[in-house]
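Below you'll find the structures, each written out as structure tokens.
You will see chain A twice below: alongside chain B first, and alongside chain C after that.
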Partner chain A sequence: MFAGIDLGSRSVKIALMEKDRPPRLQKYDTMEFYRAHGKKVSGKFMLDVAGTGLPGAGAGITATGYGRHSVKVRGARVIPEIKAHMLGAIHLTSLADFTLLDLGGQDSKVALVRGGRMVDFMTNDKCAASTGRYLENMAAALNISLVELSRHYRSPVELASTCAIFGESELIGKVVEGYSIPALAAGVNHSIFKRILPMLNRLISKTIVFTGGVAYSEALRLIIAEKTGAQVVVPENPEYAGAIGCCVEAMR
Partner chain B sequence: MADYRKMWESLGLDLESHDQLMNVLPTTYGSVYMSQENRPEGMEYFDFVVSEVHGQRIQELQDHKAAGGKVIGAFCVYVPEEIVRAAGGIQVGLCSGVEIGTAQAEKVLPRNICPLIKSFMGFKLGKVCPYFESCNMVVGETTCDGKKKAFEILNDFVPVHVMETPQMKREKDKALWLSEVQDFLATVEEYTGNKVTAESLRQAIKDTNAKRRALLRLNELRRHDPAPISGKDCLLIEQISMYDDVPRFTAQVNALCDELEVRVKEGKGVAVTGAPRLILSGTPMALPNWKVPHVIETSGAVIVAEEMCTGLRYFENLVPEEEETVEQMVEAIAGRYLDINCACFTPNDGRMEKIVSLAGEMKADGVINCTLAFCDPYLVEANRVTKALQEHNIPLLNLETDYGQEDSAQIKTRVEAFLEMLGNR
Partner chain C sequence: MSKAGITTTVPVEVIFAAGWVPVDLNNVFITGENPRVMVEEAELAGFPRNICAWIKGIYSTVIKNRDIRTIIAVTQGDCSNTHALMEILQMAGVEVVPFAFPYDRDPDLLRLQLEKMMSSFGVSWKTVQEAKDRLDRVRRKVWELDRLTWEEDRVGGWENHLYQISSSDFNGEPEKFAVEVDDLLEKARAAPPREGELRLGYIGVPPIVAELYPYLEERGARIVYNEVQRQFTMPFMTRDLVEQYRLYTYPYGIFFRLEDICREVARRKLDGIIHYAQSFCYRQIEDIIVRKKLDLPVLTLEGDIPSKLDARTRMRLDVFLDMLR
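And then the complex of A and B:
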């Protein structure tokens, strides 16, 4: 049994894997997870994963994600984030040559994968623009669900800001101008795409493997495919790529 | 540690804010520096210097002043310290490198400005830098718009002499710079009340060259694999070189180099043989800014050179020692300083050539170009660096950051991915 844990900014993803069996997956809200399973031990925040469905605080845990260095998972080996996501994407898609696009809760990553190895990468700076957090805030501003937000991509309103904070004021301005919810939602989805396009342009492939929680957005999938001309592959359970990648690394 | 509170009080420091700074520094230093394994024993001196950064060295400056000496502060490797030394003065690098006095600094500066500028203004207005408070004169330069304009404001609080650094390196620019160095000499003479003689200037050139030679020797030793010393330790030494007593510092660096030569012979190092070797380039990292080097070296790589002002740009060229008259020596000094590859120059091809040749000399696997936020010269020049390194097939990671710690995790993600990529080559 191998356990992978991806300590994301918005959610903690756990994958349990055995050879030749489909992975078992679990997701927790990050804050709730830290409160329930973490405590400070001699100045360091320790997570004890016993009781979460993971095979106890024993061997076989591999961790990655935003919190991988600030949070200690008892008995875990830590691996780099982009590597974990790439390994997970390879495992989930059986592809070896592609551009990985991972849009998470608070960051975005693009990696160029050739022959199953990462040859180049880009990430956003310290800013949550064009990430899940931006979508969450914009959905809240429009008073619609994330699922509803992800339905719209036609006739978008032009939005200049992808800032998770300031985007809201611009959006409210457009609401006041009388645009419809579908047009506003489409505008939000297009604005994320505009923000990641420079990264995609630099590291483009015929196939884009789209992972992270934002990959659930059908609108974004369609926009990316249409505008880049690439084939967009979204694996099942795309936000577990990091956790699954941890298991893959441990099994190697 | 001796009790320095009286001295700090007499310098007019804000003791409460100063205490806060002094409480943070040892913790940071402990986790960044003392946690390193296989450190050379010779680092003990530099650990001591940091532990006394606002203590013994400040006491020495007060003793120097009590004996009629002057202390001159500077921010830039363009300020010719040979001249200050020849006039019997002490030149010190001024405090920056940490978020401090932000609220006070933002009263006179825009919120979005280079963190280095905001930091030095914060140190001055917050009265937390004993170096600043020991200076009766500060020397500024025109190496960037932000500093240039900030010096006008700083002049409200301490006299600032601004040297006009040219922006190109043509003959007429060289003439301008020579006249600036000549003016600086006259200003320093007037300020210290001491005449610069051929003898005193020759000696000052020799002393400063000896310091630069010791630093060059240290950097030569980093060519070896495994690297005998960490990049973090070298950066620290380069930061300390800006304010420590010159002959003492030189002797300590040379003693450290003696130890490192033995290490090299024995094949000992701070990282495993074959660990990824990186060159750090970009904007200066003023003490105590160790964020990015710490991330890099705790991710399994070792830094083998700093192509920065707190690094090679400070010591890579020497002033010729064989000139006869003061005039000739001043000309030689002006020439040496204009060879520094600062991004304020257009074009700045010398820097690109330097990074490329350095990558070969140091057997580097890649370059990390790290720029402070809002630093236009270096941020824009990142494009030229990228182009030059692509032409030579040298991997590069560009980072933009500030003195805050909140982006450490993102930087680590990128550095780890960069190392992963180097491993795949």
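And then the complex of A and C:
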């Protein structure tokens, strides 16, 4: 049994895998998970994953994610996120040559994969305006669900702000101007695409494997496919790619 | 002795020849007790949030250090933020001596600039040449430190960075500085060569986050080439002062800098390059050219305020090292 844990900014994803068996997957809210399973041990925040369904007292755990430097998972081996996502994407799609696009809670990552190896990568740096958190804020501003937001991609309203926070006030301004919810939602989805396009353009392939929680958005899948001309592959359970990749690394 | 503040490397030979002490304001700012507070103080004085933290740090450094009342202002070969900084400092009663590195490295224009600076400080070519000889003796030691870094693998990336960057003003006391370098050279020669490390180059302005060097070395990678820091040591031996500041790459265009970078990438057998650019700096645009012209893996890092390495930067460094292996 191998356990992979992805400490994301919004949710903690756990995958339990055995060879030749489909993985068992679980998800927790990050804050709730830290409160329930974390404590300070000699000045360091430790996660004890006993009681979460993970095996033993941490034996065979591989961890990744935003929290991996600040949070210690008892007994876990740690690998970088992009590597975990790439391994997960390869495992889930059986592809070896592709561009990985991972849009998570506050990260956007693009990696070029050739022959099953990462040859180049880019990530957002000082700004999180192209990530899941931005979508959450915008859905809240429009008072619609994320599922509803992810339906719309036609006739987008032009949103110009580079900042996620100013973007919200700009959106509210557009609501007042009388634009429809579908047009506003499409505008939000197109604005995310515009922010990731410079990274995608530099590392493009014929196939894009799209992972992370944002990959559930059908609108974004369609926009990316239409605008780049690439085939967009979204694996089943795309937000678990990092946790699954941790298991894959442990199995190697 | 009077102190002359410098915001970037200028012909310090002129300052030493005049019996003045050059003070690299960047070094004073970043090695101070709390550089972050210096940045915040400049913002309280009205500096915009989205301006380079070095500019803000230098501003607060000069305001606080009342003994630095003269500053050499590089009006060409550095950024336009420096121009505005000089104007603000001028308003605060600081004397500003302008100096321009000609964009096309024209030797006649550069000579004219040097002579103007010399007349401000009241020195002759003869005394300036003597100052050059005096500084070159110290520089040679730092060149050796650099050679021991890349050729013999006996010096860490941080020491390589620190002693080369300090060659902009020799901490104000060249001979004392030389003794420190001698000590380090002795230790380095006695140390066993390091093995099995990834060899990295660091290009761009010096990092605002010093933790970068130990972080990389803990992960089996060492910076064996600090581009701009090395330039501060005037690494091209010449007797001619004008020629020395023509060969010095930093104030000139990116293509001239890249010639030097490509040479060193090959000579030092680098596995990858870290291109550091300060947040809000025009040099971030030049990253496009750097990535096109270099044919080894490049990781672009951005730093804003003086702090520890943030989680994102750590993640990006980890992946980069992983990719190089």
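To be clear about the criterion, the second predicted complex is superposed on the first by the 250 of 252 C-alpha atoms of A that agree within 3 Å, B and C clash if a C-alpha of one lies under 4 Å from a C-alpha of the other, contacts with A are read in each partner's own complex, and residues count from 1 in each chain.
The rule we apply is simple: a residue touches a chain if its C-beta (ideal position, glycine included) is under 8 Å from a C-beta of that chain, and two chains touch if they have at least 3 such contacts.
Because the structure is predicted, anything quoted here is derived from the model rather than measured.
When both complexes are superposed on chain A, chain B and chain C clash. Look at A:Asp48: by the touch rule set out above, it reaches neither chain B nor chain C.
Of the two partner chains placed by superposition, A:Glu249 touches none, neither chain B nor chain C.
Residue contacts after overlaying the shared chain place A:Val119 against chain B and chain C alike. Of the two partner chains placed around the shared chain by superposition, chain B and chain C are both touched by A:Pro80. Contacts of A:Asp102 after superposition: neither chain B nor chain C is touched. Residues common to the contacts of chain A with chain B and with chain C across the two structures: 66-67, 69-70, 80-83, 107, 118-121, 123, 125-126. Within the complex, the chain C residues that touch chain A are 279, 297, 302, 304, 311-312, 314-316, 318-320, 322-323. Residues of chain A that touch chain C in their complex: 66-67, 69-70, 80-83, 107, 118-121, 123, 125-126.
Contact residues of chain A toward chain B in the complex are 66-67, 69-70, 80-83, 107, 109, 111, 117-121, 123, 125-126. Those residues of chain B that touch chain A in the shared complex are 400-401, 406-407, 409-410, 412-414, 416-421, 424.
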